[in-house]
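There are two complexes below, and they share chain A, which is joined by chain B in the first and by chain C in the second.
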Partner chain A sequence: MLDLVIINGQAKGIIARNLVTGEIERFGAHAVVLATGGYGNTYFLSTNAMNSNGSAAMQAYRKGAFFANPCFAQIHPTCIPVHGDQQCKLTLMSESLRNDGRIWVPKKMEDVMKLRKHEIKASQIPEEDRDYYLERRYPAFGNLVPRDVASRAAKERCDAGYGVNETGLAVFLDFADAIKRLGHQRVEERYGNLFQMYEKITSSSPWEEPMMIYPAIHYTMGGLWVDYDLQTTIPGLYAIGEANFSDHGGNRLGASALMQGLADGYFILPYTIGDYLSHKFAEPKTDINAPEFAEAEKAVKERIAKIFAVKGTETVDSIHKKLGHIMWEYVGMARNEEGLKKGIEEIGKLREEFWKTVRVPGTNEEFNQELEKALRLVDFFDIGELMARDALNRKESCGGHFREEMQTEEGETKRDDENFMYVAAWEYKGEGVAPELHKEDLKYENIKIATRNYKD
Partner chain B sequence: MSDPKLISKIPDGPLAEKWSKRKAEIRIVSPNNKRKLEVIVVGTGLGGASAAASLGELGYNVKIFCISDSPRRAHSIAAQGGINAAKNYQNDNDSIYRLFYDTIKGGDYRSREANVYRLAEVSAAIIDQCVAQGVPFAREYGGYLANRSFGGVQVSRTFYARG
Partner chain C sequence: MEYNIKVWRQKNAKAKGHFETYHVTGVEEDASFLEMLDILNDQLIRKGIEPIAFDHDCREGICGACSLYIDGRAHGPDDQVTTCQLFMRHFKPGATITVEPWRSGAFPVIKDLVVDRGAFDKILQAGGFITVRTGAAQDANNILISHDDAELSMDAAACVGCGACVATCKNGSAMLFVAARVSSLALLPQGRPEAARRARAMVAKMDELGFGNCTNTRACEMECPKHVTIDHIARLNREYLKARFSE
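Moving on, here comes the complex of A and B:
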C-alpha cells in the first residue's frame, strides 16, 4: 500500500504497488483496516523484521489520521549486542530467559578490564565479586522488572564503565544457577531453542559461559490514534495491532503485543466495524475511477519518479544507517532538550542529503526492493522527526521515554502527571509545516495513580 | 478537557461493564447485507490475519494486502516469548483486574483505563480460540497448558510454544 484514498472525508480504498510487476493499482472498499505493524526500524538497527515499516501509518497521517504518542518506543534489554558496521538487524533473546537467567556485571573494574582482554572468563569471577544489579536495585521483582527499567539499568552500568565486552556495551545473562537448580534437561526444555540460536550467532555456548546482551529498539507503543472502536480520526479507517497506539501507554509488557493484536482482530474490530458499516450497505461499491483515486495514483507515480530522478551515488541503506545513528544518539534511551533539537535538525539535513544523493537502480516496472526501501525511508524521516518533536514536547520521563532533565536521585523516571497525563495526538499540517498537537486527557477512576515501584 | 477533535467514545458506566454496554449498543449488519460490503485489510501479521479471518467468517468481502512473499511471513512470526491471558491456570491469584492493573502500571499510567480493561477481559477467549485452532501451546506432563512469567508481573500468565 502506498497511499490511502479518501472520498468525502471517508476512507474508501488504497493505492498499492504490485511488488512483482511494479504496476500501480487501485482498490476500493467500504472501509479500510490498517494492521501494518510498528515503526521500530526508524532506528535502522532493531529486532524487528527487515521489512517492518511505518509507511502505511504515515500515508494515513498525511491524509488526516492523527498520530499518537510517537515518542513511546520500547527498548528491549536482552538482545545480542551490536558487533560491527555491516550489521542490518539485531537479534532478540526472549524476555522469558529472565525467568531463570540472572543479569550481572562485575563489581571490580579490574575484572572488567580482564574480560575485555579475554584474560579471564565470566565463570571464573567469584560470586562475591558479581553485581546482580537488578536484584540489588529491585528486590521484589529482581530480574523480572519491566523492559524499560531493565534497559536503563543496563545502560547505567555500562555508562559507569562496567560493560563486559570490547565495546563496553554488554552485560551478562547467566544460567549457571538455573542449570544447577533445575538440571540440564529442564533448562533445555525451556530455553533450548534460544540457547541454540545464541550459540549459532555468537559461537559461545550459554551452557558454559553467560550470554552477553544489550538493549535494542524492539517495539513502538505509539501509533495511529484510535477511539474505543479502534477507528482513527478518519471515518472508515481503522488501525489494529502494533499500528495503533491503544493499550500500552509508555511501555508495553512482554507477551502483551500478541494479546492486543489478537484481541483487536478476533474480538473487537469485527464488532465495532459493524457499527460503521451498518450505514454503508445501501451505498454502491466504491468506484475506483473516481477522481480521488486518479489523484492519489498520480501522486504515488510522481513520488516514485522523483526518487529515480535523483540518480546520486548513495545506497538507501547507507542513508538509513545514518538516520539510525541520529535516532539512537538523540532520540534513544536517554533524551534531553538540546539533543532532541539537534536530532530534528540532523534529520532535516539528512532528508536533504537523501534527495540529492540517493541512487535507486533499475526501474519501477520490475521487482525492485531498493525502490521499496527508498519509499519507506522517505517515511522514516518523517516518523523520526515526529518522534523527536513528541519527545521534545513531553517534558517528563515516563515508561520508555526518558528525559534526562526529569529523573529521581536514584536515576528513575520522574513523571509529571499534572502537565502530561494525556495522549499526544499529532495532526499533519502539510509538508515542512509543524504538526498540530491535540491532547486527550487520561482519567484514572479505577486505579490509584502511583509512582511505579518494583522494589517492594 | 480533551481536545474536541479527539472523541474517544469510551462508554460510561462502571469499568467492568463498559465493553458489554458498547457491544449491546453497536448496530450489527445482517448476513445478507454483509455480502454487499467490502473491507480492505492491510497487513497479515497476527492483527491483520485475525481480523481478516474473522471478517471473512462473518460474511464480508475482504481484500488483504502484505509486502512479503507469503502472508505468513509477517513480522509476527518472529515472536519468541508468548502471549498473556488472565486465565489464572496457575492458581496464583491472577484475574482480569490484575492483568489490567499490571498493564496500566507497566505503561507508566499513560494508557486508557477502558481499553486496557477490555483487553484483559477478552484475553482469556484468545487462548480458547487459539487452542481450538490447534496452536501447539506448551503443555505440562499431565496435558495442562503451561505458563511462564514476563517482566513487570508477579504471576505466571504467559502461554507459549515450546521451541
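Moving on, here comes the complex of A and C:
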C-alpha cells in the first residue's frame, strides 16, 4: 500500500503497487482496515520477517491519522546473537526456553577472555565461577523476569565486559541443570525443535554447550492511535493488531500479540465496524475515478520516479543498515537526551544521503524488489525520527522505553506518573515540520497503579 | 570466502531463461545461503548488473517462501532445513553452486528464482479450513483429544507450504502438501464435520491445477524441511476413499 485515499474527510480506498507487474492500482471501499503489522524493521536487524514494514501506517499518518507512543519498542532477550556485519535477520529462540534454561556469564574476566579465544568451553567453567545474574538480581522471579528486564540485564553484563562471544554481545542460556533434573527425553519433548533449529544455525549443540543469546528488536507496542472501536482519527480508517497502539501499553507480555490479533480480528472489529458501515448503506460504491484517487496515484508515481532519478552508487540495504545502526545506538535499549538529539540529527543526514546516493536498478513496470525496499526505507526514516522524538519527549523510564536519566540507584526503571501518565499521540504537520503532540490522559478507576518489583 | 554462483536468470514469466555465472567474494562462513545472495546482489548492483530476484521473508524456516533448488536438491544439501536455514559452511570455498527456481508446471516462474505458488493457495481455498462458529467458545474440556492424536496432527500442521515436495517429485505431485493439510484437520474433532467434503474438494483442485499423482517414491519426504512423512498421504488416501464411497 503506497497511499490512503481520503474523500470528504473519510477513508475511501488505497493506492497499491502490484508487486508482479508494477502497476499502480486503485482500490475503492466504504472503509479501510489496516492489518499491516509493526515497524520493528526500522532497526534493519530484528526478529520480524524481512518484508514487514511500517509503510501503510506511515501513509495513514501523513494523511492525518495520529501515531501513538512510537517510542515503545520491545527488545526480546532470547535471540541468537549477531554473527557479523553481513547478517540480515535475527532469529528468535522461543521465550519458553527461559522456563528451564538458566542465564549466566562468567564471574571472572579471565574466563571471558578464554571463551572469546575458544581456549575453554562454557561447560568447563566451574559452578562457583558463574554469575547467574538474573537469579542474583531478581531472586523472586529469577530467569522468568519480563522481557525488558531480562534484556537490560544482559546489556548491563555485556556493557561491563562480560559478553561471552567474540563480539562481546552474548550471554549463556544453559540447559545442563534442566537435562540433569528432567532427563533427556522430557527436555527433548519440550524444546527438541528449538534445539535442532539452534544447532542448524550455529553448528553448536545445546545438549553439550549452553546456547548463546542476546536481545533483539521483536515487537512495537506503538502504532496508529485508535479508539475502542479500533477506528483511527480518520473516520472510516481502522487499524488492528500490531499496526495499532492499543493493547500493550509500554510493554507487551508473552503471547499477547497473538491474543490481540485474534481479539481485534475475530471479536472486536466485526462488531464495531458495522456501526460505521450502517450509515453508509445509502452511499454508492466508491468511484475510483474520483479526483482524490487520481491525485493520490499521481503522488505515488512521482515518489517512485524520484527514487529512480537519484541514480547514485549505494544499495538500499547498505543505507538501511546505517539507519539500523543509528537506531540501535541512540534509540535502542537505553536512551538519553543527548543521544536522542544526536539520533534525530543523524537520521536527517542519512535521509539526505539516501536522496543523493541511492541506486535502484530496473524499472517500475516489473517485479522489482530493490524498488520495494527503497519505498519502505523512505518510510522507515520518518518512523525512526518519530520514535526518537517521542523517546525524547518521554522523560521517564516506562516499559520497554528506558531513559538513562530516569533510573533507580540499582539501575531499574523509574516512571514519572505525575508528568507522563498519558498516551503520546503525534499529528503530522508536513514534511520537515515538527509533529504536534496530543496527550490522552490515562485514568485508572478500578486499580491502583504500582511499581513493578521482581526482587521479592 | 568466494564462490561461483551459476544461477537461473529469467526476465519475466514470458521471457526465455538461461544460466549466468557470477563470482561472489567476501562471504563469511556463518552467513546463510540467502545472506550470500544478498551479498552477491549488493556486488551486482554496484557493477551495474540487475540483482537476482529471489523469494524470502521470515528467514527462520517458518514462512516457506525461500524456494530454491540448489545443486540439484530442494533447499540445498542440508537435511530438514529451508534455504534460509542453510549455511555457507556446507559449501567448499571456491565451489560452483547451481541455483534454480522450483521446476514445476503448476509453479510458473515470475522472475529469476521467484515462482508463483498461488496454486497452493487455490488448493487451500478449496477446503483447507474448518467452519468457524461465532458466539461463545465451548469449554475446552468438552472436546477431548488424545495426546498421540494431537502430536500427529501437529506433525502434519508443521508443513509450511514451501513446495519442496512438488519440486522434488518426478511426477510434480502435491500429494504431500495436500496430505499434510487434510491429515492435520482430519485427526482433530474440529476438522471432522467437513472431512469428506474437504478431501474431495482439495484432491479435485490439485488435479485440476495440473499437479501429478503419487507413485510412492518418498522423494518428497526426503526433502520436506519439516519432515512431514508419507504416512499422511496414506491417511489422505483413506479420507478420500471414504469420502467417495459416502457420496
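Everything that follows uses one rule, which is that the second predicted complex is superposed on the first by the 456 of 456 C-alpha atoms of A that agree within 3 Å, B and C clash if a C-alpha of one lies under 4 Å from a C-alpha of the other, contacts with A are read in each partner's own complex, and residues count from 1 in each chain.
To be clear about the criterion, contacts are C-beta pairs under 8 Å (C-beta built on N, C-alpha and C of every residue); 3 or more make two chains touch, one makes a residue touch a chain.
Computed from a predicted structure; not experimentally measured.
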{"item": "Contacts of A:Asn99 with chain B and chain C, given as first, second, both or neither", "value": "first"}
{"item": "Partner chain in contact with A:Lys298 - chain B first, chain C second, else both or neither", "value": "neither"}
{"item": "Touching partner for A:Lys121 - first (chain B), second (chain C), both, neither", "value": "neither"}
{"item": "First, second, both or neither for A:Lys395, with chain B first and chain C second", "value": "neither"}
{"item": "Contacts of A:Gly28 with chain B and chain C, given as first, second, both or neither", "value": "first"}
{"item": "Which superposed partner A:Arg136 touches (first chain B, second chain C, both, neither)", "value": "neither"}
{"item": "First, second, both or neither for A:Glu440, with chain B first and chain C second", "value": "first"}
{"item": "Chain C versus chain B, contacts on chain A by residue", "value": "B"}
{"item": "Touching partner for A:Asn51 - first (chain B), second (chain C), both, neither", "value": "both"}
{"item": "Common interface residues of chain A - those touching chain B in one complex and chain C in the other", "value": "47, 49, 51, 92"}
{"item": "Chain A to chain C touching residues, read off their complex", "value": "20, 47, 49-51, 83-84, 86-89, 91-92, 196-197, 200-201, 203, 313, 315, 317-318, 359, 361-362, 366-367, 369-370"}
{"item": "Footprint of chain B on chain A - complex, ascending", "value": "1, 13-14, 16, 19, 27-37, 47-49, 51-52, 56, 66, 69, 72, 92, 94-96, 98-99, 140-141, 144-150, 189-194, 221, 225, 227-229, 233, 240-243, 246-275, 277-278, 280-281, 285-286, 372, 398-399, 413, 415, 417, 421-423, 425, 427, 438-447, 449-450, 452, 454"}
{"item": "Partner chain A, residues of chain B touching it in the complex", "value": "1-3, 5-11, 15, 22-23, 26-29, 33-34, 36-55, 58, 60, 63, 65, 67-68, 74-76, 78-85, 100-119, 122-123, 125-126, 129-130, 148-154, 158, 160, 162-163"}
{"item": "Sites on chain C touched by chain A in the complex", "value": "11-12, 27-28, 30-31, 34-35, 38-39, 41-42, 45-46, 48, 50-51, 53, 56-61, 63, 78, 80-81, 84-85, 87, 89, 110-111, 114, 116"}
